[in-house]
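Following this line, the structures themselves.
Paired with chain B in one complex and with chain C in the other, chain A is shared by the two complexes that follow.
Right after this comes the complex of A and B.
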């Protein structure tokens, strides 16, 4: 009697194991994320989403479809980051220089931006589920009116969220961000100093930290940038967050195109970062011996 | 020029030993550069070396004293290096030269004077340089001169622009995958080449050639 029970229970376990195999990929992914989350997690990760057009050309699709697939990759990677409790994610969606591209492509990108921004922020979707606040950073007056309206609406929908931040940089140029920040600093300094015309140097109060606190991203609560990832094998910064990429920001250049970027590209990057943090801690504990 | 102290620690020496090794690599690099310029069809006309950052000046005084000694001796050696004079390289210094002891400033002065008549190539040495600091100074210069504050006017007042040197095209960094704000404003479209498993004293001529080949094969689209 007992042996029968034993055999049937082991058969049952075997069946359960087979069923489990089918779900193993999702479980393995979740476990991997949990292992990562046990170590130090970067507070702010930036992505330069490069390679959509090359990806599309490689697969014989239209460039617009490449950008569409890029949007799906964004959702995928964003969900991974949010699962890992990364507090702030910045993505380089559109550069001010990109307006030089063929008009058809720019129009398609504008349409994509308009529809997908609202989709991301709609009730029940990714941003609301994880309590993410959306910030659109850049010189939005360069966009057509419909896109600007969509941007305002999207930001409005998520403004009450405070668990994480998503910075979508469009149309963005780091030099533009820095120049705007400096202008704000000066305006503030002038506003405070009533007797500007008699004072010697009212601007002397502006330091690196003042400019830092006036940057569009920092003003809206972004912590310093920890990791910057650029896909498609290109090794450039292309005017993305030049100011924020100081001292401790690790730069990673991945050879995959953005629409193909996924968990198994992202995980080694996080591991590398955790390793470097560990080394830095060792150095601090055992008396600075790492080069600057 | 990153990784000197780590190199020293790995071999059981003090940090200053690593800096001496680093200085040797620097002198070798000048020789390789000179050879490259004379033998290849294309010339690398401008080279910048980041010797000391603003943050480095916060290190402990003992190490700083050693570092300053290395710098002084290196600058003097460069002034008497055959390659510099053969290839007619002008050496100029950028960065905030504050907080440096007299002997370093003296060596800097001497090196600039020795090479001031040359013009075939330029070697910039960044001492006391901080990326954000450069932007801040550029901004202050723009405001002082009363110009309109926009991207172009700031671009005109960076250290390189003030010396009529074009913005940097390729940055090679050893031992880390960071820019640490080097040439912050100018790195808008700069290609980056990281040698993160090599420390500065381990740099070879081949690594430099690889970096240049990799640069030649890159497609620079400028946003289009």
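Right after this comes the complex of A and C.
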């Protein structure tokens, strides 16, 4: 029985090697993405990259290696998104609450962030190739100085790009983003004086739209969030873009761990999006007439 | 590029077939949730239900299904001892029927006060101190309290509870609407700003205004606010139409859903819907619209019991 498994797996590996040599899989992937891009495509997709540690534990790897594989998955998924012409991608890289993790793991994550951000933005790499602007969203002052410097440098390298946006949320929490937005609104309103002639009180002008426009991600040019994907089977939002995703955002909870997340997890989500857009159009076309 | 469209259509057709077979397989292998009274590892302290109605269909069906679901949910929560239940819909159907719901669940409501009037809904004028006690006794006998932009009534325990071992629980029912969502955060912001300006004028000092997550939290969730739900059930009244697209939250208050476990049964009435595909949408949807079932409720509570909370660690 065991030998059979061994033989079949080696045959499979051989086949995979041949395919890799012929670059057929790559070609097939690209053409699949081109076909997909012919339909409606969401503007803004968010990812909660969850499951790196469980993935590492399952494979008998170190936690740090799990995070490293998570970074590779991010590159893979990002390239898929960019090939599909998705305008904005947001990823939840590090939560403010993640600072509570063991010091060793936090240090490793900081190192990873520092080196990989610069790698992503360097000349000739993914972000430059596709004209992507990098935004690091969150309470950066919580980072060690070296990481803050790397973040500034990385953002500086891509500030001229305008085709797409990559929001890396770290150290982020949605409540923190909302609080900052509310704080900014109030500060602005307090700075202005009441116009006694028109009785226009700036404080009374604070509405949900005002708060929305003061959110960090919106200020940096992100369109409304269309799809939110959470990996590793957890059915919670865990403080990621709550304000943005509580309305008109499709939620997907995928059972795959983030490092394993790839084309075949993502394509069904795009299919669902396209289906819902088509049905909505159909409802607009036919629903209105049947109601009247 | 022209060739891409037929390919895309073909892919969608294949995908639909795959999904159909997978869902058929899941339907065959699905597990029956544990019975209502089974002992579970963890029970939610605050359950929230989002009702998704569709304006395209008859208002009466919507109202009937939603009201029936709420009555059922109240009874299950009382039986399990879940102390708080919030019901939400984006169109305000529940809020419009709040009086009827209250009369049905609070039988001894002799008090016909005008507090239910929506004009009386008030927002906390000043940021309350960060007390986090939500278990403080509300008005004793089902008198409605108007909290920050939502209605809340206290339902006294059922006397005829057969399970005498557990003491009967009272239940707080919150009726939420779109107003409780983002507009409530905006009005809290306005209230804080007003207080701040008054302070400026009184002391005549101007330093930069600062707001911490905790102080905003105490305004939104504190004394007059809405506490965050542990478990959320999304219940589409017309599942056949809703299940064509992925789940959404329909504008539920964003601040509170940070750690909420989200549940939605995607398989309810799926087969009936497939069998009735030839009927016009409004006919099939009226036939298929339904209230919350005990099956869904049990499945949701089971999902919550097995969930793992790591809180960032």
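Everything that follows uses one rule, which is that the second predicted complex is superposed on the first by the 256 of 292 C-alpha atoms of A that agree within 3 Å, B and C clash if a C-alpha of one lies under 4 Å from a C-alpha of the other, contacts with A are read in each partner's own complex, and residues count from 1 in each chain.
In this text, contacts are C-beta pairs under 8 Å (C-beta built on N, C-alpha and C of every residue); 3 or more make two chains touch, one makes a residue touch a chain.
Small disclaimer: the values here were computed from a predicted structure and weren't measured.
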| item | value |
| --- | --- |
| When chain B and chain C are modelled together on chain A, clash or fit | clash |
| Which of chain B and chain C A:250 touches, first, second, both or neither | both |
| Chain B versus chain C as contact partner of A:175, first or second or both or neither | both |
| Chain B versus chain C as contact partner of A:100, first or second or both or neither | both |
| Which of chain B and chain C A:239 touches, first, second, both or neither | both |
| Which partner, chain B or chain C, touches more chain A residues | C |
| Chain B versus chain C as contact partner of A:189, first or second or both or neither | second |
| Residues on chain A lying within both footprints (that of chain B and that of chain C) | 95-98, 100-101, 173-176, 178-179, 182-183, 186, 203, 206-208, 211-212, 234-239, 242-243, 245-253, 290-291 |
| Touching residues on chain A, where the partner in the complex is chain C | 32, 34-39, 95-98, 100-101, 173-176, 178-179, 182-183, 185-187, 189-190, 203-204, 206-208, 210-212, 227, 234-239, 242-243, 245-253, 268-269, 271-276, 279, 283, 287, 290-291 |
| Complex contact set, residues of chain C against chain A | 1, 4-5, 7-8, 11-12, 15, 19, 56, 181-183, 185-186, 188-190, 192-194, 196-197, 200, 208-213, 216-217, 244-255, 257-263, 280-282, 303, 307-308, 311-313 |
| Residues of chain A that touch chain B when the two form their complex | 95-98, 100-101, 173-176, 178-179, 182-183, 186, 203, 206-208, 211-212, 234-239, 242-243, 245-253, 288-292 |
| Residues of chain B touching chain A in the complex | 2-6, 9, 15, 53, 55-56, 59, 130-133, 135-136, 139-140, 143, 149-151, 154-155, 175-181, 184-185, 187-194, 199-200, 218, 220, 222-224 |
